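I am attaching a structure below and will ask some questions about it afterwards.
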Amino acid sequence: MRHPTDPGRYLMSRSRAPELVQPDDILEFTLDSQSVKPTDVRLYGERVIHGTIYQTRPDVNAVCHHHAPSILPFCISGTELKPVYHLGATLGEKVPFWDARDDFGDTTLIVATPEEGASLARALGANWIVLMRRHGATVAGRTLEELTFRTIYTARNAALQIQAHTLGHVSPLNAAETELAGEYNLRPGPVARAWEYWNVRLDKAEGTWRPKNANLRAKKKSPPKRKTKSRRRG
Amino acid sequence: MRHPTDPGRYLMSRSRAPELVQPDDILEFTLDSQSVKPTDVRLYGERVIHGTIYQTRPDVNAVCHHHAPSILPFCISGTELKPVYHLGATLGEKVPFWDARDDFGDTTLIVATPEEGASLARALGANWIVLMRRHGATVAGRTLEELTFRTIYTARNAALQIQAHTLGHVSPLNAAETELAGEYNLRPGPVARAWEYWNVRLDKAEGTWRPKNANLRAKKKSPPKRKTKSRRRG
Amino acid sequence: MRHPTDPGRYLMSRSRAPELVQPDDILEFTLDSQSVKPTDVRLYGERVIHGTIYQTRPDVNAVCHHHAPSILPFCISGTELKPVYHLGATLGEKVPFWDARDDFGDTTLIVATPEEGASLARALGANWIVLMRRHGATVAGRTLEELTFRTIYTARNAALQIQAHTLGHVSPLNAAETELAGEYNLRPGPVARAWEYWNVRLDKAEGTWRPKNANLRAKKKSPPKRKTKSRRRG
Amino acid sequence: MRHPTDPGRYLMSRSRAPELVQPDDILEFTLDSQSVKPTDVRLYGERVIHGTIYQTRPDVNAVCHHHAPSILPFCISGTELKPVYHLGATLGEKVPFWDARDDFGDTTLIVATPEEGASLARALGANWIVLMRRHGATVAGRTLEELTFRTIYTARNAALQIQAHTLGHVSPLNAAETELAGEYNLRPGPVARAWEYWNVRLDKAEGTWRPKNANLRAKKKSPPKRKTKSRRRG
């Protein structure tokens, strides 16, 4: 995510599987994706995806690049991803494709150079998601909560679109519904409800969640710790 | 669910992810979906779905509105949902569609006003399930147990129908089989067997379930607590 | 399963979700599916499926009736289930269909009367599995281990056949391969390997499994308890 | 895997479900798949798959034979498996088929004799994966880490290819992209990141993983134990 107080910097973990990231793994980068403090830990090769979008989109404060299994079939087949239910409206009216072949020919498919990052950011344009052919998706949000909501419900929307396609007919939201429902989903109420749920899921996955009775007993002793949330940062 | 002793009221949780709902979260509403006691907690925007059905269907005592992944492809594609195995017969002979576009044009797809609730209730009619285009399903039952049974087995029936469709041919129950099997499923035996199983699943998910040996030892000490069941209330 | 010492009787749990069955739930039945000891607990309505097959097939000592999600699409669509990989060969060369409509017209689809049981057993004939239209499957085995192997790998075979069908072409084992591979799978080696694995899975699901270190420490103290295996009995 | 210090030998577990394999279960074999020490434990019938590949491919140090559910539909349908996203590039440009019928006619489909092993190794040739019709896959790697990476991401690539096929069009990597991305994936960075993640997964599955706080506390006391990794050995 973009640094909360310095818009010219962003935060991102060192190269580590997201499930394992700890607070100490989060590093600070300039928008040209250089580590602010010298470091010898291994960094993600694709951090320019993040840096370039923060450069070109001042309204974006959180970015997530992922390879969710329901999204990839669209990246492989070139089928257009469309909002097919109200919660999917948050993906927006248009999801552009980006193909590394167009600007760079045969590559590793990894977005590693400033030029590749800039090309991808151009393809994203003013939209919120860009699908990368034979690779994955990059999602943007104004806040971390919005990004998380969009990333998760886009992946679900994609899975549902595949199943509806199997049944023979996909009838998506129209442009007006997409705008109206997309705005509704990101109101404080729906986002807060989802955010509380994701935090509990995370605690359960971490093994730090306890049954209600235990929680009640422990309530006074242990202060809330949310450090593990860092893994959700794009 | 409808209030057990006052049919002019219903019970529903505040706006909270179902998995997290606790007994204290359950509030009492009038049938026009106003909270009986003044409250400043956030309420579900779609509670009129429940209130309107309790108004128009005196035989209904429990309602569940959901977005199960196997149901949505029918809401997206417009393919008719049909009972395809004996346990799915509980969904009934006919599952009507409701499309917010028909009465209200372009909307957020959220059912939030009394007019929208009434329109949906009309579409449900005397049936037990209504599919909402590009949104989800609303299920009704005479009892909480019947509702739970219908909701779960309708979702499974939908998943099986998609897979059978993939194989090329869907051969559903006929009207007489649907009525006979639907009635059989809701007899005390099958419902009690399923209900016991769902309660254990819930205890396991809550972390309050213990291996049999531990249970036997603990049997005398801890009285059965079923408060967590509130989350299954529609 | 058939009673281990009295071939004129069989063992089956009272009407209870399989995951919850405890040793005390197992009852003894005559082959016409009457409880040997008078009982007032609720019994499975479909126990004639078991009794009739034990009557008509002296070589069968274990029966499983189930509704596995991968099998049902075949019961719904009428597509023929075929062995498509070596482990699926155990389902045998031919899997007949049975349709309650043929002999009994419109029913609850439940096999509850001796006549219905006899009709189903005729459809099974000398085969090992019979698919029941719009209902489920009934599987037979010479031993409990064989039955478990056949039931599990038939369900997996079915899932694979659906996926291969999606890819456009299903190329099954021929008759000779089915016989050779089917016989190989049921040799002591493959069955013992699978049986050990299923027992550990069961212990994990019961919460009675412990990490290896703990197991090593506990080895001398606690005698092996296999009572939970009762739930696998058909 | 090939013996780390004696290239004329390889290590493999006795016949046991992979999830249950313990360090003591690992045995040493000559390249013609005879146990170095006399043993009366049951051995895998298909160990010639491993021995023959170590004989014919000096560059291969780890082999995995498996029946992953996403791979089997290709073995059944004969559809060609292709790299469809960057992480799948590690499967290589070509994945040949082997059909036991071609050289041996009707068999158990088990690769048990030296002749069957040699036939399969010929089909593998200089590639990294061979699909066995109506049976499974055999994967090879220069190192254990490379093998694990290739096996897991090949299975995911297969699942994605099936879903993209459902959407109607599969657009794979071309030969140059496959080579470039395949090489990139196996660099130290991506492999180390994945390897750390798989080890944590294994610890969680074993019940030996603890929440971070507990880990921090225990850090000084317990030396790292990696013995369970043996189960990943091909």
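Chains here go by letter, A, B, C and D, matching the order in which they are written, and residues are numbered from 1 within each.
In this text, contacts are C-beta pairs under 8 Å (C-beta built on N, C-alpha and C of every residue); 3 or more make two chains touch, one makes a residue touch a chain.
Treat the numbers as computed from the prediction; the structure is a model and nothing was measured.
Novice: Hop across touching chains from chain A and tell me the fewest hops that reach chain C.
Specialist: 2
Novice: Identify the chains in contact with chain B as well as chain C, in label order.
Specialist: none
Novice: Comparing centres built from CA atoms, which chain ends up most distant from chain D?
Specialist: Looking at centroid distances, B is the chain farthest away.
Novice: At what distance in angstrom does the C-alpha mean of chain D lie from that of chain A?
Specialist: Taking the average C-alpha coordinate of chain A and of chain D, the gap between them is 31 Å.
Novice: Based only on mean CA positions, could you tell me how far chain B sits from chain D in angstrom?
Specialist: 44
Novice: At least two other chains touched by the same residue of chain D: list those residues.
Specialist: Residues 166 of chain D touch two or more partner chains.
Novice: Where on chain C is chain D touching in the complex?
Specialist: Going by the criterion above, the answer is residues 84-87, 89, 156, 159-161, 163-164, 166-174, 176-177, 180-181, 183-184, 189, 192-194, 196-197, 200, 209-213.
Novice: If we count contacts the way the header does, which residues on chain D are in touch with chain C in the complex?
Specialist: Result: residues 15-17, 19-20, 22, 42, 45, 67, 69-70, 72-79, 106-110, 133-136, 162, 165-166, 206-208, 228 of chain D touch chain C.
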